[in-house]
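One chain, chain A, appears in both complexes that follow, with chain B as partner in the first and chain C in the second.
Here is the complex of A and B:
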């Protein structure tokens, strides 16, 4: 087991070396990318500020709390997409065109191999700094305790796992449905809305939908809640449950799809 | 007449192309409706115990976003700038420049074509909501003036964004600047929140910028926040901005053509 883990980790390190060097070669692209994501984040931030200033709060969330929610959401989105850019950008096209042969022939887990190809975390580092800076500015709302900080990091990791699982599931739909890439468009629409607001705004009937069934509403909300209001075992249990279900669901659906896959050369 | 009809043909082609991608088409509409659903959740929650904020009741606010969804396909389109930049950088613009069309208006006609199918679907949804007497959808205060103002807003938005896109004639990397400008122009046009929610001093500045005349003023006419002479005066300002941007745009495009070196040329 230990030997297997070492093999996968060293394989992963080799994988990210080249994108890192490549990123440093294209500095203009990094600047452009940073501009784009800063513009988007700044505008959403203005929106949040204007609304909270008019109404005092959104549910129990004041301005600093909302900034933490927004920053956490942006971090989860950017970090997940940066690490798993291949899944985010190419899954549908690769399945439709039969380009998965390369991965199927290697003596390594196909989903791991596919997911770790492409890595743009270095290009996105300046963009990822923005949410971190926001967290610093909203620090008055943060509960400073080592336990809460660890809980926050664990919760962020679970949210990233859920988000990765969702994009694997959506990408895998291409094994059965052609032209399915626009499901991600819908997902992005969901993200742009759900990651901005706390669950306080949902009517009761919508809570299980956006926290469990399509758990986009949970991703930024859960870690931010822990950081601002402290531990809540119900919310934590929901997040653990959703993480497990979606992780296994993603692997299951991907493996089913791989069995159905027809390569370009077949 | 012939000159205009060839642009109509481009619009027609764009409609056909749009219809050929049903998943993209329905995906975009569904994404918009989902965003609207969350907007609905947000504002119904925020208005609990409140009747009016900044002159906006809950009904006005929900109507504001529904109509934004409807006319935003035209008044908030931002894709032209990137397309101009892409065509100039790749050299494909040369193909357009030698044709008996004005490239700028080809883009406009094309974008209108892409906007029409989702607009029609969303119009159907809005009409359905009227039909079932959805309590949060208010009727237009003046449909004719609202429609005219939305058309003027569409033209103005196009002129602003396409003029910004011409920066690609002189620079190699345009993505960041264009993204910044297009996103801010949409926000300052009132797509995220009514501009009356901004602090007074910012509103005062916005009065002297063209962005609010692309989108926001049409919604104000729809909701009846502008009445009688105010409506006509505002539309006059829209026309004035269009005229100003026609002149700026012509000047910059002419300069750009001179600076342009086709990659394949």
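Here is the complex of A and C:
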């Protein structure tokens, strides 16, 4: 097991070099990507500021707390997509056009090999700096303690795992449905609404929907909550539960789909 | 000799949605769908020995690629048995995948924006190939395929032929025991086709790799395969040597005459079946037993400038087999 882990980690380090080298061939893309993502985040931030200033606060969340929520959400979204860009961008097309053939014929886990095919974290570093800068500006709302900081990072990691699992599940639908791209559009739409606001805005009956069933509301909320209000074991338990369920669910659905994969005619 | 591929009553069926053309039919099909069962591969059986080079021939949609995909583990068979190197391919056991390779003329596994040698290095990592062995194999393949300067070029800047050569290197770095080639020479010019054929032949001779080839180019099959499997509509019609196939089906020869003076077609018709006619040139198809009699008669009756007697081409034999549904 340890040997296998070492093998996969060493392969991963080698693997991510290639998409990075590929992406670095196009310098203009990095500049335009940074510019557009900064513009997009700024517009969102202005919108949030206007809303919070209008109402004073949203639930118990003041403007700085809302900025932390927004910054954490943007970090999760950007980092996950940058690390798993292939899953985000290409799964549907690759399944439809039969491009998984070479992944299936390599003696390495197919989902692992496919997920690591793209890696644009390096190009997105300037964009990822923006949420970090926002956290600095909202520092008055942050509980400064090493334990909370570690908890925040663990929670961010779990949220990224959940988000990755969701995009794997949505991409895998293409094994059954010819074009499942619109599911990702819905996900993105949901992100812009559910992930940018704290769970406090939902009535009790809606909480399981946005925190567990479609856990978009949990992704930015959980880490931000820990950072602003401290540890909450119920919220932590929900996040651990959702991470486990969605991770296993993604692997299960992907493997089911692979059995259904019919490649494409030559 | 060890049998590395054993296939028994193998079938793969697809359920295909069928409808007539037009918007009205499209709307109707939303509420009521008719499906058709397409038997892409239907109850085929064959065995292949270690080191054998087998050609799969058939028209488009015959079931060649589907068979290849079941043998490599990409597709799950609807029914039947398939055993490659002692494994059920679809299980995709890593030990099995380490011993097979698939080259597809119409698909690309190389990193598009990077030099080909970067893909080779990644494959080295996947297959845990020691440095020494990797360098030796890659250098040997580079030399055999004559791509020393090309492997450092970005894949997207390569010609199709150069890219295919690099695809071959990527597929052979780990020395697979079984190699599946799906239209590897498609789209290449004749010079490049010939070079690749020579390489494949040499590789098979040197490493005793079992190779299954599908190709539309009969030259590939003629030059490389001792054994051919002819498949049409999912069924095997012939499995044996090319030589026997030619003997069995090529029961006539072609005689082409170039005349000194123009000759009318009606004057030539009594001598045999005319395949092609021009005023100064004619081609007949004549049964092998009559060829010398007909040839001497023609030479006696007409002023002939040139004469040529040839075998019917393998392409023509296969075309006739499919057209007449002889299989």
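Quick note on the criterion: the second predicted complex is superposed on the first by the 259 of 266 C-alpha atoms of A that agree within 3 Å, B and C clash if a C-alpha of one lies under 4 Å from a C-alpha of the other, contacts with A are read in each partner's own complex, and residues count from 1 in each chain.
Simple rule for what comes next: a contact is a pair of C-beta atoms (placed from the backbone, for glycine too) under 8 Å apart; a residue touches a chain by one contact, two chains touch by 3 or more.
Given the structure is predicted, the values throughout are model-derived calculations rather than measurements.
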- prompt: After the match on chain A, would you call chain B and chain C a fit or a clash?
  reply: fit
Task: Go through the superposed model and pick first if A:150 touches only chain B, second if only chain C, both, or neither.
output: neither
Task: In the overlay, answer first, second, both or neither for which of chain B and chain C A:180 touches.
output: first
Partner touching more residues of chain A, whether chain B or chain C: B
Query: Touch check for A:259: first (chain B), second (chain C), both, or neither?
result: second
Message: Touch test for A:105: chain B only (first), chain C only (second), both, or neither?
response: second
Query: What is the contact status of A:51 with respect to chain B (first) and chain C (second): first, second, both, or neither?
result: first
Message: I'd like to know which partner A:18 touches here: chain B for first, chain C for second, both or neither.
response: second
- prompt: Where does A:202 make contact in the superposed view: on chain B (first), on chain C (second), on both, or on neither?
  reply: first
Field: chain C, chain A and chain B - angle at the middle CA centre, rounded to the nearest 10 degrees
entry: 90
Message: Minimum CA distance, chain B versus chain C, superposed model, integer angstrom?
response: 11
- prompt: Tell me, which parts of chain C touch chain A in their complex?
  reply: 14, 61, 65, 69, 72-76, 92, 94-95, 97-98, 100-102, 104-107, 109, 111-114, 118-119, 121-122, 125-128, 154, 182-183
Statement: As the complex stands, chain A meets chain C at residues 7, 10-11, 14-15, 18, 21-22, 25, 98-99, 101-102, 104-108, 113, 259, 261-263, 265-266
Touching residues on chain A, where the partner in the complex is chain B: 28-29, 31-36, 38-40, 43, 46-47, 50-51, 54-55, 58-59, 179-183, 185-186, 188-190, 192-194, 196-197, 200-203, 206
Task: Sort out for me which residues of chain B touch chain A in the complex.
output: 21-24, 26-28, 30-32, 34-35, 37-39, 41-42, 45-46, 50, 53-54, 172-173, 175-177, 179-180, 183-184, 186-187, 192-193, 197-198
